[in-house]
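Structure, as structure tokens:
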Amino acid sequence: MLKSSKSRANKIGKAAGALVYVGERRIDKVRIAIIDYDKEGFFQELSNASIEDLARGKNDDTTTWINISGLHDTEFIAEIGRYFNLHPLLVEDILNTDQRPRLESYDDYIYCVLKMLKWQEENAAIEIEQVSILIGKTYVLSFEEGQDDIFNPLRQRLNNEQGRLRNCGSDYLAYAILDTIVDNYFLILEQLSEQLERLEDEVITSPAPNTLDTIQKLKREIIYIQKFVWPLREAIGRLSRGDISLFDQHTLIYVRDVYEHVIQIIDSVETFRGIISGLLEIYLSSVSNKMNEIMKVLTIIATIFIPITFLTSLYGMNLPNMPELNWPFAYPLLWILIFLISGVLLLYFKRRGWL
Amino acid sequence: MLKSSKSRANKIGKAAGALVYVGERRIDKVRIAIIDYDKEGFFQELSNASIEDLARGKNDDTTTWINISGLHDTEFIAEIGRYFNLHPLLVEDILNTDQRPRLESYDDYIYCVLKMLKWQEENAAIEIEQVSILIGKTYVLSFEEGQDDIFNPLRQRLNNEQGRLRNCGSDYLAYAILDTIVDNYFLILEQLSEQLERLEDEVITSPAPNTLDTIQKLKREIIYIQKFVWPLREAIGRLSRGDISLFDQHTLIYVRDVYEHVIQIIDSVETFRGIISGLLEIYLSSVSNKMNEIMKVLTIIATIFIPITFLTSLYGMNLPNMPELNWPFAYPLLWILIFLISGVLLLYFKRRGWL
Amino acid sequence: MLKSSKSRANKIGKAAGALVYVGERRIDKVRIAIIDYDKEGFFQELSNASIEDLARGKNDDTTTWINISGLHDTEFIAEIGRYFNLHPLLVEDILNTDQRPRLESYDDYIYCVLKMLKWQEENAAIEIEQVSILIGKTYVLSFEEGQDDIFNPLRQRLNNEQGRLRNCGSDYLAYAILDTIVDNYFLILEQLSEQLERLEDEVITSPAPNTLDTIQKLKREIIYIQKFVWPLREAIGRLSRGDISLFDQHTLIYVRDVYEHVIQIIDSVETFRGIISGLLEIYLSSVSNKMNEIMKVLTIIATIFIPITFLTSLYGMNLPNMPELNWPFAYPLLWILIFLISGVLLLYFKRRGWL
Amino acid sequence: MLKSSKSRANKIGKAAGALVYVGERRIDKVRIAIIDYDKEGFFQELSNASIEDLARGKNDDTTTWINISGLHDTEFIAEIGRYFNLHPLLVEDILNTDQRPRLESYDDYIYCVLKMLKWQEENAAIEIEQVSILIGKTYVLSFEEGQDDIFNPLRQRLNNEQGRLRNCGSDYLAYAILDTIVDNYFLILEQLSEQLERLEDEVITSPAPNTLDTIQKLKREIIYIQKFVWPLREAIGRLSRGDISLFDQHTLIYVRDVYEHVIQIIDSVETFRGIISGLLEIYLSSVSNKMNEIMKVLTIIATIFIPITFLTSLYGMNLPNMPELNWPFAYPLLWILIFLISGVLLLYFKRRGWL
Amino acid sequence: MLKSSKSRANKIGKAAGALVYVGERRIDKVRIAIIDYDKEGFFQELSNASIEDLARGKNDDTTTWINISGLHDTEFIAEIGRYFNLHPLLVEDILNTDQRPRLESYDDYIYCVLKMLKWQEENAAIEIEQVSILIGKTYVLSFEEGQDDIFNPLRQRLNNEQGRLRNCGSDYLAYAILDTIVDNYFLILEQLSEQLERLEDEVITSPAPNTLDTIQKLKREIIYIQKFVWPLREAIGRLSRGDISLFDQHTLIYVRDVYEHVIQIIDSVETFRGIISGLLEIYLSSVSNKMNEIMKVLTIIATIFIPITFLTSLYGMNLPNMPELNWPFAYPLLWILIFLISGVLLLYFKRRGWL
């Protein structure tokens, strides 16, 4: 994840507005999906539209959602930009997938960029994808890097003629897209929360050297999510405050709901960070405890055997006139002495609380 | 407690306003308790009311407190919502028990959500329950997840005809409910304070490996309480500033008192956090100290016996022409040497402050 | 000190305004001391007044200072409250000794609550007492929990007819009381500063296990003082900004002086906290250093004797055909070998910087 | 890098406006490069201009970029200052290369100072150079300490008649210079990010004593970059907010883009700092882990051999009447005992999880 | 340095305005130096003036700088106060050398108090001295605790008739004094920076127990300087914002320059603090590393000799029927075994990376 600044460096010295896609190619072909509908019940879905179909977006009577998957074909995106009359810097921003989440208000449309987080089950990692949303009076353009399924429930709800979605304009559609993306964050938080719980158990009960690696990895993930949700707060906050005329008063109530969710996500991420920040210290303490246990065993065994080995070594000497060598019960007496010394030492350790 | 984000994830893709209760079912049946009263002395209590009894809440002459315990019957809550003409998102919020404490002002009512903390004696844990309060001109609706006794003293005070409660409107009733919940936090703080004191003693005098677990658990509880009281400050603060017309000037003085208590709770929680944040380091130091003690004993015993064991081993050799083997007083001389070496070493350790 | 939240919990469920003294009884009998004076030279002191003498406080011509020591007689305090027409919540606040320092402005008077810190020489601890001050147009009421001597110099200055105190009104008297309490904080800081200096020396030169206890205790004391002086800043700050009409322009210059002192106290406490926060780490380092020393001695002694003991053990064997056993100078040669090995090892340790 | 305050000290006591260059001389001769152009296609480049050529800068019809490399010739810079009528303090600031990045708005021009960071491949260090930019109505003066190539792509773009650069005024030229410098920061971030990744791996897999040095060095570099980019945010932010009339509305969109980049750089640097702050603790943990491993081996070997060596020493004694000395199978029995003891101990260690 | 709060405590209970000098007497006799000048070339210097000479300060035509060295003669300072009509609290503040740096604006003059830091070469410590500056329309009064040379360059510049100083009023003189004091801070930063660099090297390459002491001492010094420069920012900031009419518009540009320097000092101090805060951890790591090295040597030597000493002890036994005792090549075989065991162990340690 640290690589984002790397790809960026390729652009140095180029003129502003030069179009370069800095992400990695995720799908083969750019795909356009268009959904066109109005309150009167008109509904049309083109899941694999051509560039000519974009004309519907400019139709003032219906609400059109144009979803573009795949950003590697810069010329294609540029054409869409020209078609919708977008500022060159904005097209550049859509292609630059290292953007901070933010909201920009233009004369005819709102530009909103945010990160979509997806949980990759196979390698237990978080996949980050940038989504750019352009909200016009009668259309919503959404650009995603790959082909995702997270908008499918939304498409199904649009199919339902009675749904609120069909009866509202592009602002409510934009809200629904934002809501879907933000709600998806909860899935990620759930995964992180589970990992954190497992990690806490592991750290306290069985700290292994590779636990260290897991802690640092999780901490870094949390730092990154924090980096993505903090600016989101500001962006959605601006929307929810109603500064932007495109959004209807009734939709604002829903946007405020999304804002509430973003705050809640920030809260959870902060809580996670608070918890993980102590884990390393606990790990250190756990390791110290384990070492302590080992030390104690060494001390006890060594401290008991060192004095009695001295005794046996003493009577292995060849010095003359050692009176003990003539005592007939010297050997059993020695064993008594050995057990006495061991007993006294064990008692001492017991009293010190080392056993 | 980390599981809150989990249940939330089930809602992804659903339309806003879809009613799902995300908490766990705590009681068998939803119970409605209605208390209806006015200044003239009218007083009626229905501890197990039916949905038809709600009509009293709309009666403009009396103040009505409707307390709903249990939120698992979403259809039932939806009916109440329709009855009192609540916004669909608000009904959804009442059912969603992962809300951050906050206050929302609508045209006809105020919506306030906060957490009720209860101390569970049996497993020494804090139970968290969400309470939603709707304050209208002539009624107060309170929604709690389970059936609790903490409102009983309040009910008794309402029984008392002379009490201030009976002579004021719904705003003072709302204040009394908030005050009861906030005052309950002090009980939790008391428990935490006791635990913290016990933990501090334990860490310094007898740090055990499981102390680590207790520290982390307590720290997490404090992080969670912090998460619940910080937004409460803002919510009660907005009430106390008098922006909301529903609240009478005389009641505001009391609300400011609750606000003062919330600040005091935040202060205490911060203090607790300040104290616990150092405990882990102290634990580490304590464990180091203990290890040090063990090391010292090992050093002293080993260091005294290693040289004298060398001596005895020396005179166990079978080398020819060892002059000492022919000295008649070699054995007593050796003992003198042994005591001399031990004495010098003990003195050295004493001087270094290791004994 | 952690017990403050405990006593508080007893009030849960009681109506607001119910009078309960949450502190501990410090003196036998509530004592009232009244000082009555004006610019014209009138001066009267009643060191043990009865409740009837309070009437002077309402006298518009003279300035009256009524100091009440002891708060356990709630009925008595309630009577004073009725006499001076105080809000029930305010009387409750006077009795509740867990208040945060703050300032409240009412129509006819200002209510100011703050903590008086006193150094208890006998057990080297800080005693905390709450002082409530009510400042009216012609009177100042001060409530303290016990009987203290810290106001004595103030009484003596009042005795002096020429003093500024006698020539100003109740606002300057209130300033003088605040100034006396705040100045007393410097005594506490002095004690803490001395303790901190002693602790720093101890930690670096001779860290003992109980040093840990002292660090934690001092840290907690500093956290508590911080908790008391931070809100004081706000309270005195509000006074000094001149928002409150009761205070004369000339007195404000003096109040700003007190404010300056409070800032200075906060500065010092922050500095203390900055210093103590590093002490635990230094303690850990000191203990590590000491352990290191012990380890070194063990290593050196053990490492020297282990090889030479091997040698002596070697020649204690009873194996046949050991050529050394037939060498006539084997014994002196062995000693040479022993000294050689020891010398080489000592040189090696010297070179590694371990000696 | 810590030396910046040193050179500064030489100025103490000197009058304000006394010209001293506090940096180190980086190139032999001060070089002036002038590029003069207008929208009509006029373009002239003087890569090694004399001071007389400066006159073009005052020409109102064309936009002139005067780039001065090398600041050691204070008299020369003073002459430029006099020529463009700059305040003496400003000329002093241009020469003082210890400035914080900032923006100052004067009547006729804007003064902007910032740091240029360059990656030195040979010694893997960051080179810091101060750049001062003076933006007038028809000219841009840029002062750099050495001769750099980073403006070369900019010069090439100016050569292109169709480019936006040629068709805009001095404000867009200033933007392009700022953009070039800020974009260069991404290169540095890329290097730091790579170093950080390598360091993280090293710390966890193979912590060596010199890793410590690398961590501290990297941390210091990040602290310094933070010190340079934080004030940059404010400076560019002021520009982008449009307070300064010199900048055209169309150029502001581009300046806001630079501002966005600065924010992104700050974000990355903060992230880096968050990650590195935990590395030292991880290093400590890694070292502890390694020590633990060593301790375990010692314990196991020592604990197995100490008891059996006691046995062999026992039967080396010369005491009379030792019954074992007469058992014919004593020796094989002893070996059985030795293997038994070792086996039991190994099993015990296995069960404790130490193997 | 921690003693500042101590001397302060002596004032408790005294009336405001009671004059006590809380610092230590630094010079024998209070000295007054007066410099009187105007734009027309008039210049007079009295390096040892009497109190009667103060009259010049009230002369409206010339600018007079009165510098008082030594504050122990409180009566003398009081007389100056009466002469210039200063508020009693202000005179008290001049004598109280525990003030926080701040700026106070009165009707006729500005009072500014700040700390002068001086490097004491002999004991490598920072000497702190309080300087109070009173800026009137035609005079500047400066009070310093001792006799310093740091104003000498300023006096020389005043001697120069052409200098800007001589041609401006008291505001520019005040600026010059402030600038001299603030510039002196850079000298201190230079010393601290050098100490910090030396300390960093020491910590990583050769951590000694007394390094700990140096770290804590340096950290405390940085905390103190931080305490002095933070409020200075506010004080100079207020001056530079031009709220104070005494300062001419042209002088303000210079004051803003001083402000810029103060910000730069704060930046450097923060950077120093960031660097030193990690040093203790690095010290701990360094010490751990060293201990690790020692442990390794012990492990290797002990682990090699323990098994082979067991072997020699084995063949020292007197048990019957030991077959090895009859092998003619038992002894050389034993040596082969000894080298084999040692070799295998050394190889094992090598493979584990312990050698």
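So that you can tell them apart, the chains are marked A, B, C, D and E in the order they are listed, and the count of residues begins at 1 in each.
Here is the rule we go by: contacts are C-beta pairs under 8 Å (C-beta built on N, C-alpha and C of every residue); 3 or more make two chains touch, one makes a residue touch a chain.
The structure presented is a predicted model; accordingly, all values stated were derived computationally and were not measured.
*Asks:* So which chains count as neighbours of both chain C and chain D?
*Replies:* Shared contacts of chain C and chain D: E.
*Asks:* Considering only chains that satisfy the touch condition with chain A, which of them also satisfy it with chain E?
*Replies:* D
*Asks:* For copies chain D and chain E, work out whether under half or over half of the interface numbers are shared, and give different or same accordingly.
*Replies:* Different-residue interface.
*Asks:* I'd like to verify one number: the distance from the centre of chain A to the centre of chain B, where each centre is the average of its C-alpha atoms, in whole angstrom.
*Replies:* Inter-chain centre distance comes to 27 Å.
*Asks:* For chain B, what residues touch not just one other chain but two or more?
*Replies:* If we look for residues of chain B contacting two or more partner chains, we find 281, 284, 288, 291, 295, 298, 302, 306, 309, 313, 316-318.
*Asks:* Graph of touching chains, which shape: line, ring, star, complete, other?
*Replies:* The chain contacts form a single closed ring, each chain touching exactly two others.
*Asks:* Starting from chain C and stepping next to chain E, in what order do the chains sit around the ring?
*Replies:* The chains follow each other as C, E, D, A, B, starting at chain C and passing chain E next.
*Asks:* How about chain A: which of its residues touch chain B in the complex?
*Replies:* 150, 152-154, 157, 163-165, 179-180, 183-184, 186-187, 189-190, 193-194, 196-197, 200, 204, 253-254, 257, 260, 263-264, 267-268, 271, 274-275, 278, 281-282, 284-286, 288-289, 291-292, 295-296, 298-299, 302-303, 306-307, 309-310, 313-314, 316-323, 352-354
*Asks:* Which chain E residues qualify as touching chain C in the complex?
*Replies:* It is residues 2-6, 8-9, 11-17, 87, 89, 98-100, 102, 206, 209, 212-213, 215-216, 219-220, 223-224, 227, 280-281, 283-284, 287-288, 290-291, 293-295, 297-298, 301-302, 305-306, 308-309, 312-313, 315-318, 324-331, 334 of chain E that touch chain C.
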